[in-house]
Amino acid sequence: MSLSIRNQIPGTAVSVTPGEVMATVKVRLDGGQEITAAVTREAVEELGIFVGSSVRALFKSTEVSLATGPVEGLSIRNQLPGTVTDVSTGGAMAGVKVSVDGGELTAVITKDAVTELGLTSGSSVVALIKSTEISLATS
Amino acid sequence: MSLSIRNQIPGTAVSVTPGEVMATVKVRLDGGQEITAAVTREAVEELGIFVGSSVRALFKSTEVSLATGPVEGLSIRNQLPGTVTDVSTGGAMAGVKVSVDGGELTAVITKDAVTELGLTSGSSVVALIKSTEISLATS
Amino acid sequence: MSLSIRNQIPGTAVSVTPGEVMATVKVRLDGGQEITAAVTREAVEELGIFVGSSVRALFKSTEVSLATGPVEGLSIRNQLPGTVTDVSTGGAMAGVKVSVDGGELTAVITKDAVTELGLTSGSSVVALIKSTEISLATS
């Protein structure tokens, strides 16, 4: 089985906070960063995700935003610093590859954003992913 | 009202689970599949969605991921098997039409993903949609 | 048709940039702000969206992030300044109402983010929405 989801990062669940409907799961990535995923509580129960579970954090490239530096005072829980390794531009959108500790990400952002931020290979960026955009896979 | 949202699939609410902020609504699609939508509790109350309500499940094409087969151990609640009917490729992204029981979906994924998964007309795929990406409409 | 999508803001299309697969549409909101929506080119054509078209920008509350001030050097095109009018907290998530010029938004973010950012009624915030998360409706 192959998945179109470009971003699949391995890690370990370090906390699980269930609400009535949703649950937040903190995951320590193998690269050392910590991220938060907000998934349904049902999914956490069915997958049997506990503290210590090995999981992969999955998120579509269209869900990744890029900043030119760390952002404070932001609700987005997940900020992964990295370096741009490639930019491919279409008519409206652009795909940006970002090397981060422990792996490589793909972000799809508008062509306008690439221009305004001046992104090219070698640019330092921070990849931002809202926790509601992160899915989890086991095994 | 016309909507840019490409994917609008009719069905019937079969369960409603309210939390403090969010609610999950399970919908049996007219094609027979069951999906879960995570929307605000406020929306469920204002729209008056109950078990038995006729609803449409709406999700943007950029929110649809594709897999080449069923995926186990995944937090993504919604997996609709189907067959690729068309692939159109741009500079960064690709649009993929997928015929599923009861309708047709559009997925927008990266051009890279189309290449890696070898997707062409006739490919068997499973469309994946995170429950937080599904909106509901009542008529 | 009633929609579960909490955020529906009226405006006028001021530019349309089609790519092969996606198109970006800039919309001047009635409150004066300008936002960008990235939707499929097919949707733009089918809905007949041109410069001057009246549209509504739609986005799910789970797609809205909040910052405590304007953020520079960020790929997220859409930043709407406003004031928090209400916070409701669940077990994992929180719903935050934000009054902006020309309307009111709902953001669903993690409970942790509300705590860290110290959000309460009266807090100044900037609502951030990625352009791929914005849909368009014509009446």
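For reference, chains read A, B and C in written order, and residue numbers begin at 1 within each chain.
Note that in this section a contact is a pair of C-beta atoms (placed from the backbone, for glycine too) under 8 Å apart; a residue touches a chain by one contact, two chains touch by 3 or more.
Bear in mind that the values here come from a model prediction, so they are computed numbers and not experimental data.
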TODO: With over half of the numbers shared counting as same, classify the chain B/chain C interface as same or different.
DONE: same
- [ ] For the Cα fit of chain A against chain B, please give the angle of the superposing rotation, nearest 5 degrees.
- [x] 120
Task: Euclidean distance of C-alpha centroids - chain B vs chain C, Å - done: 21
Open item on the list: Give me the residue numbers in chain C that touch at least two other chains, ranges are fine.
Closed with: 19-22, 38, 62, 90-91, 93, 108, 132
Task: Contacting residues of chain B [partner chain A, same complex] - done: 17-24, 36, 38, 62-63, 65-71, 73-77, 90-93, 107-114, 116-117, 128, 130-132
Task: Residues on chain B engaged by chain C in the complex (per definition of touch) - done: 1-6, 19-22, 37-40, 42-44, 46-47, 49, 58, 60-62, 88-95, 106, 108, 132-133, 135-139
